[in-house]
Amino acid sequence: MDASILEQLLEEVRAGRLEVAEALERLRHLPYEDLGFARVDHHRALRQGFPEVVFAAGKGTDQLKGILAALAARVHHILMTRLAPEQAEALVADFPEARYHPVSQVLTLSREEVPDRGRGAVVVISAGTTDIPVAEEAALTAQIMGNRVETLYDCGVAGLHRLLGHQHLFRQATVFVVVAGMEGALPSVVGGLVDRPVIAVPTSVGYGAAFGGLAALLAMLNSCANGIAVVNIDNGFGAGYLAALINRRDK
Amino acid sequence: MDASILEQLLEEVRAGRLEVAEALERLRHLPYEDLGFARVDHHRALRQGFPEVVFAAGKGTDQLKGILAALAARVHHILMTRLAPEQAEALVADFPEARYHPVSQVLTLSREEVPDRGRGAVVVISAGTTDIPVAEEAALTAQIMGNRVETLYDCGVAGLHRLLGHQHLFRQATVFVVVAGMEGALPSVVGGLVDRPVIAVPTSVGYGAAFGGLAALLAMLNSCANGIAVVNIDNGFGAGYLAALINRRDK
Amino acid sequence: MDASILEQLLEEVRAGRLEVAEALERLRHLPYEDLGFARVDHHRALRQGFPEVVFAAGKGTDQLKGILAALAARVHHILMTRLAPEQAEALVADFPEARYHPVSQVLTLSREEVPDRGRGAVVVISAGTTDIPVAEEAALTAQIMGNRVETLYDCGVAGLHRLLGHQHLFRQATVFVVVAGMEGALPSVVGGLVDRPVIAVPTSVGYGAAFGGLAALLAMLNSCANGIAVVNIDNGFGAGYLAALINRRDK
Amino acid sequence: MDASILEQLLEEVRAGRLEVAEALERLRHLPYEDLGFARVDHHRALRQGFPEVVFAAGKGTDQLKGILAALAARVHHILMTRLAPEQAEALVADFPEARYHPVSQVLTLSREEVPDRGRGAVVVISAGTTDIPVAEEAALTAQIMGNRVETLYDCGVAGLHRLLGHQHLFRQATVFVVVAGMEGALPSVVGGLVDRPVIAVPTSVGYGAAFGGLAALLAMLNSCANGIAVVNIDNGFGAGYLAALINRRDK
Amino acid sequence: MDASILEQLLEEVRAGRLEVAEALERLRHLPYEDLGFARVDHHRALRQGFPEVVFAAGKGTDQLKGILAALAARVHHILMTRLAPEQAEALVADFPEARYHPVSQVLTLSREEVPDRGRGAVVVISAGTTDIPVAEEAALTAQIMGNRVETLYDCGVAGLHRLLGHQHLFRQATVFVVVAGMEGALPSVVGGLVDRPVIAVPTSVGYGAAFGGLAALLAMLNSCANGIAVVNIDNGFGAGYLAALINRRDK
Amino acid sequence: MDASILEQLLEEVRAGRLEVAEALERLRHLPYEDLGFARVDHHRALRQGFPEVVFAAGKGTDQLKGILAALAARVHHILMTRLAPEQAEALVADFPEARYHPVSQVLTLSREEVPDRGRGAVVVISAGTTDIPVAEEAALTAQIMGNRVETLYDCGVAGLHRLLGHQHLFRQATVFVVVAGMEGALPSVVGGLVDRPVIAVPTSVGYGAAFGGLAALLAMLNSCANGIAVVNIDNGFGAGYLAALINRRDK
Amino acid sequence: MDASILEQLLEEVRAGRLEVAEALERLRHLPYEDLGFARVDHHRALRQGFPEVVFAAGKGTDQLKGILAALAARVHHILMTRLAPEQAEALVADFPEARYHPVSQVLTLSREEVPDRGRGAVVVISAGTTDIPVAEEAALTAQIMGNRVETLYDCGVAGLHRLLGHQHLFRQATVFVVVAGMEGALPSVVGGLVDRPVIAVPTSVGYGAAFGGLAALLAMLNSCANGIAVVNIDNGFGAGYLAALINRRDK
Amino acid sequence: MDASILEQLLEEVRAGRLEVAEALERLRHLPYEDLGFARVDHHRALRQGFPEVVFAAGKGTDQLKGILAALAARVHHILMTRLAPEQAEALVADFPEARYHPVSQVLTLSREEVPDRGRGAVVVISAGTTDIPVAEEAALTAQIMGNRVETLYDCGVAGLHRLLGHQHLFRQATVFVVVAGMEGALPSVVGGLVDRPVIAVPTSVGYGAAFGGLAALLAMLNSCANGIAVVNIDNGFGAGYLAALINRRDK
């Protein structure tokens, strides 16, 4: 929206060139966006410093290059998720300041250092090695949004000692992201040990009655521990984003 | 919204008592609704003449009486759906102009005759006798919204001759509402015979693998006939409402 | 059917060459179609001007060429949906008047201009960029069936301002087609703003608990807004077809 | 089993070389199969003349050649289902008397003419063109089991006239096989027109909420017509086999 | 339909009082049913001797009395399924010739002996004691339709010896109805022992992951034995009806 | 089976009164059970000492009394599951030696002490207090089958310390029964701590997305710990029975 | 655990009455809990001030009285959820300082004022009137955990203006709880307007294809807005608890 | 953990250099793992002799080589499951003592003979030929864990005689693993014949309503035979592992 439309209208009223009744009428017929959503954008303004996010899956390499070029000219931090290695190679060739993280298939591009905006650490815990890509997507998302991230991988409930052995990490956390496939029990265990928000991420790891992550999803939704909420299957980005919102220092 | 807030603001600008910059700032902080949603309501105005609709299920008799009293003072046509007979008795005792339709568990209250707003007839067809309550809910909804309604009940696909024997009705229809439980095949058959919109309503009639109407719902969504769309299971009201929108004479 | 069979029979009765009893018997054994379905076809006759529709998925290129050749000799407007680009290339090489729309994978072939048969506009709204192919299939279907179509893409509920900023389009609409994947919330929002029929199209866009469009489908079936019905997942064609039926000027 | 074991035992009893008590004991410890299942096989004997059936999916070409060679040396009729065209080519090269049916991906090999064992005809009806492969699998299965088969394809419920126009076929049928995907309504329609057993075959034809044939399956299980039973999705073979059992002339 | 309409029309043509063209026109506009469905009813005529069937669930006692009175005046055999004991008592009080079968909640009323119309016996086998009501519904349905019925209850797969010990019954069967809940394995076992059609009836017997009969239903649809088809969960009537159609002596 | 039939047949052969060929023929037509299933029962004999089990749900009080009377005359140990308290009262009044366990709704009746047949202890662990009835059903089943049972209740994964604090119990276990509803994570945790078989029992405890125990069931099937198998939802009896089989001292 | 066991052991070591090797051995065999979980409790200590929570559903009135008495003697704040009105009456009679909230079926008992522990407000928004009980459960939970709570009810997506008209509330929020049944679209809309964490709570409000809250649950999991996570269906308590954790002032 | 930390602490206490109170405090802050989980590992020690298990699916060949090299240096027995043939070839080239089992896609590597640790035999039974890979995975797992394994393949319920003919095997079994796809009925049949634990393994063999093994899974969970528990679909390894735990000779 261009404030000048409104300003001009008010100037005309002030100058007596426009009757109040006519001004009211015009206001009523201005495009909706021009009036009201300033305030929505006012909220959006709070988001400054947030990265631009691109979901790369299903987009062509040329399309992605175009998007990246457009964004790179305008914003400081870009996060591209679900980017195939072949495409990543082509993008990094054109944008040398971009960095590709093959495990999570994430590309990040920061034109300046990310400031620490958090109240504490975001601790990302994952169950099996095959859950790491999703966990890394969460970690990279939280990082580029200005958070200190600690990761603790390979802590399945069938080997609790690894988890219990790293409880010192727990004290630094403002929020936990807990990633697990198969039976999805890890968030319940973590939730029983800590008193901080736990964002549970089911993954599609598993086979048979895992039903593509459904088993883990249902388990997490039914957790007997308090302080847990769940995001979509394999949605590491969503968990990292939410963790960043929770950890953000008050403005 | 009260237009006078805006008017007053403009008057102050005009009188030179308010700077344009300050007026802009105030505009930006007015409650959202006061500015923009006039136009939304402008659309809502088109709905004049529509009945007020009350979903009675889960509400107490006293609550319903209160709602009915409040509405009856303000609007001309009221439609109350899913109203249990015992509650209906109590309401009709207090509002003698109300009429209860026990088959569909619908109560209607019209303080004036409903004008015919339709381009043609809404034809409501149902499969089995147990589907009639949902069909009647659709028919009564369309009627109170100003439509001529023709009904054709007990036309299951296992007895096509009844359906085929009433094709003369088909020529009067602007839109069809087709209600069926069990295998939900009737909308496909009707859709193959007519060239008008068909609103399919699955019902929860059936047992076993009917899964509470899921079988009929899936069948209707997968119809091989063209011109069909589906509403929720047992949602006779929704089908009647949509039929009324489709049949409405252009303004 | 060939009316001459019946005619001939009646002539023979008239000429006294055929007993009434025998004529009755013969009538009883004539192929069913020859007697009764004239009236069904009478309805079908109303569909004249409708395009012939071919669902290309799963058919070979040669088969499609044959179908296209046969239809092109007989009808004025052809709509071919779900046509792969490679096959489209081969078809367009043979039928230069055909036009392929790669985004929606639709091929259209019109041998004359499509007349405007509508009462107003069909407005097609979609949520995300990945929903556009389905939205375009709906738009092209409605267009070739004789409708003015307006499109409004990229209006997800997470960015309501785009939607609200184009409400002027809403006033021209006789019917809306609203296309969305993921949580499928857009039809509810549109349905709350307008008083026209809304055809909701869930798409298979999404991952994890989107379950191939099931999440969006269920959301749309349960919409709290009135005047909405739903077609199958990704069924842009079905929505466009139904929209055309709804928008058609009365005969 | 080799009857001679038993025979020998009895001979020894008869010759007085084996005590009755000892014989009883030995009988008790003979391999189970050797005693009891003669009668099961007695039933199996009734099946003589039935073809040997091979489910080719997932088997290698060499494995299939071996199976075919072994069977061809022993039985008169072989039916191989779900055989890919490439594999079929290799098999037909080695077994020139085999015949491959590419539409249904069925291979048949008969070393003598199949006698007509039926009481009447098996009538196979299918809804859309994409259902034909499954319908053909059913037809070929019934044929090689000794049945006269009539087929009636492309009779979707959205075009009832084709179905109704071929009712003369219905009078010849002892049993119907009705094949349909999408909404699976055809068996209900056929079941309403005939008084013979109807075997309904849902197919995986469709997309979106067809859920791989689930919609059609549920519809068929919930048919409001009587005399219908359902086989697995795409199980043309199973339907043809059952139809043959039903149609078989009494022994 | 009354054939006299057609007859009269032909007479008028013959008498020269009606032009052929006019007669054609009138034929075209006669109610559909009057022309074509004679042949459908011709098929229906084959059903003579079949009982009238009433699904009592959800109907009031007075309604059922009315239906019974109307039917009893017209047909020889009536079958009423899913009739609650209290209602049955009231009906039997009024119709002393009716007989109520409390286990299956079936009421039968025959005004003459049911002739044997079958080619052999219908053998009804059930797994557990809790499956007997459904099995009895099947048995009574087949009986009143003119079949000799043999029953074999309590033959779960966990106790095969009972089943195997009654194989002499198998030889008399033209068709089997096999009723089972829980894991639904019995039809596969029976199907492996016999060479006759097997109609499998899943029941809602079970708890937990039986999901109201879904487990048994899926098991039966996936049977590795040939010659099996499945009806809806708890649909004993449907199985008995189909068995009667299969067993019926050729006309 | 009566061995005398066989014996008599052999005697006749021996005496020369029966030809071997004729004897063979007769053997072939003896009821199946009479020959072969001795060996099956031979296996059954191994089960001596096992209790008779009655599933009381859905049976009338009189029926249960009859069953109990019949069994009490014949066997030493009876286990009746899912017995409502009112019915239990009536049964205990008649059978004073019976004992009703109201938490698990189990009735046990032992006419002699149950000997210890186990190699070690069966340890039954449950998650929440609402899981105790199922856990108790398992414990009582194992007990009456001759096992020492240790129970450890209220050990949800959200409070691991209780579980870890009782590890001394673990060393006595031959087999574990782990009972949990909601997210069903407990078997995974136990399975990670022990090297003994774990029988996981999902319960229907929970609400919403617990879907009647489905969430717990899927979680347990997908456990990342080894040595776990799962029984049906709420099937405490099944788990106790299997535990008893596993723990049984070798014969 | 009782520290004195350890203390005593150390004292004996110190006094030379216990060898180090022996002390090590004893330590190794002490109940697990006595050693290690101090630190877990250390975390638990952080939770001081948190209310004790009792899930009343399925518990008897006497049992609840006992629990309440025990807790009231020990803790300052008690929250009892899903408490039926009849039971509440009995409890309040005994504990006059308890307060029952009939809409949400929550009982709260605070022996001192709840301090404000939050960084800002928890804003609870709900869609329909039938969602209010769940929303209130969330609000009361957050309140008793020391949060300022603002509520905004009856803001369905079909009437966006109410929501948009209260955006001033949004600026005070640290975290949102958004409660909706049916299509569950509200969290997406809120999530698009704000840049704070949104906890989405699906409710079981709806019918037919709402499948007890599944439709809303799936929609929320697939939200196209960022910063959203989901709790179990109807789990207002869980959402309020998590919101309190998120809003808590840093320690 | 290093016991020396504790030892050192105790030594200091003993030497009087450390106050008891201070020692208690230090103990409280030692890393959790260092104290308590010795006992967990104590249990793990019981597992000595167990093979190391690697789930190869989704791992690269180089990664697998690395894992294999690391393990081979340390343990005596390695089991690698779900290993593709191409990868197996590369591994066997480097580790000649490894043996690849192509049917089950299992690689085993034993540096010494596996001792017999079992009380009896593990009997693995499978239904169809396509179930053999899963059955072999179970058999190889049990073997390398020190069990005598007997296999009985191709024993579908539709051909019971093969199963019944090998009952002599049953007497040697301590535990059964029963593998079946499609309707999953075999475990019920086996469970009815034996009095030993039965581990049921559903496979994804089948099509259509088999739903990837769901039908078999549900059937097995609902088995009417006692003594059965179920593992995940296609989880031959899990079944073999559990069978080994059950069969293990008491320590």
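Labels A, B, C, D, E, F, G and H are assigned to the chains in the order they are written; within every chain, residues are numbered from 1.
Simple rule for what comes next: a residue touches a chain if its C-beta (ideal position, glycine included) is under 8 Å from a C-beta of that chain, and two chains touch if they have at least 3 such contacts.
Because the structure is predicted, anything quoted here is derived from the model rather than measured.
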Any chain in contact with subunit D as well as subunit E: B, C, F, H
Chain pair with more C-beta contacts, A-B versus D-H: A-B
Furthest chain, CA centroid comparison against subunit D: G
Chain copies touching (subunit C, subunit E) - same or different residues, decided at half shared: same
Centre-of-Cα separation between subunit H and subunit A, whole angstrom: 39
Centroid spacing, where centroids are CA-atom means, of subunit E and subunit H in whole angstrom: 50
Per-residue overlap in subunit G, given as positions that touch at least 2 other chains: 32, 36-37, 39-40, 160, 164, 167, 193, 208-210, 214, 217, 221-222, 226, 232-233
Chain-chain contacts as defined at top: A-B, A-C, A-F, A-G, A-H, B-C, B-D, B-E, B-G, C-D, C-E, C-G, D-E, D-F, D-H, E-F, E-H, F-G, F-H, G-H
Contacting residues of subunit H [partner subunit E, same complex]: 127-128, 156-160, 182-185, 188-189, 191-193, 206, 208-211, 214-216, 218-226
Sites on subunit D touched by subunit C in the complex: 130, 160-162, 164-168, 207-210
Of subunit C, residues touching subunit D in the complex: 31-34, 36-37, 40-41, 58, 202, 204, 212-214, 217, 232-235
Residue ranges of subunit B in contact with subunit A within the complex: 3, 6-7, 10-11, 13-14, 16, 20, 23-24, 27-29, 32, 35-39
Subunit H to subunit F touching residues, read off their complex: 36, 39-40, 43-44, 46-47, 50, 53, 119-120, 164, 167, 170-171, 174-175, 193-197, 199-200, 217, 221-222, 226-233, 238-239, 241-242, 245-246, 250
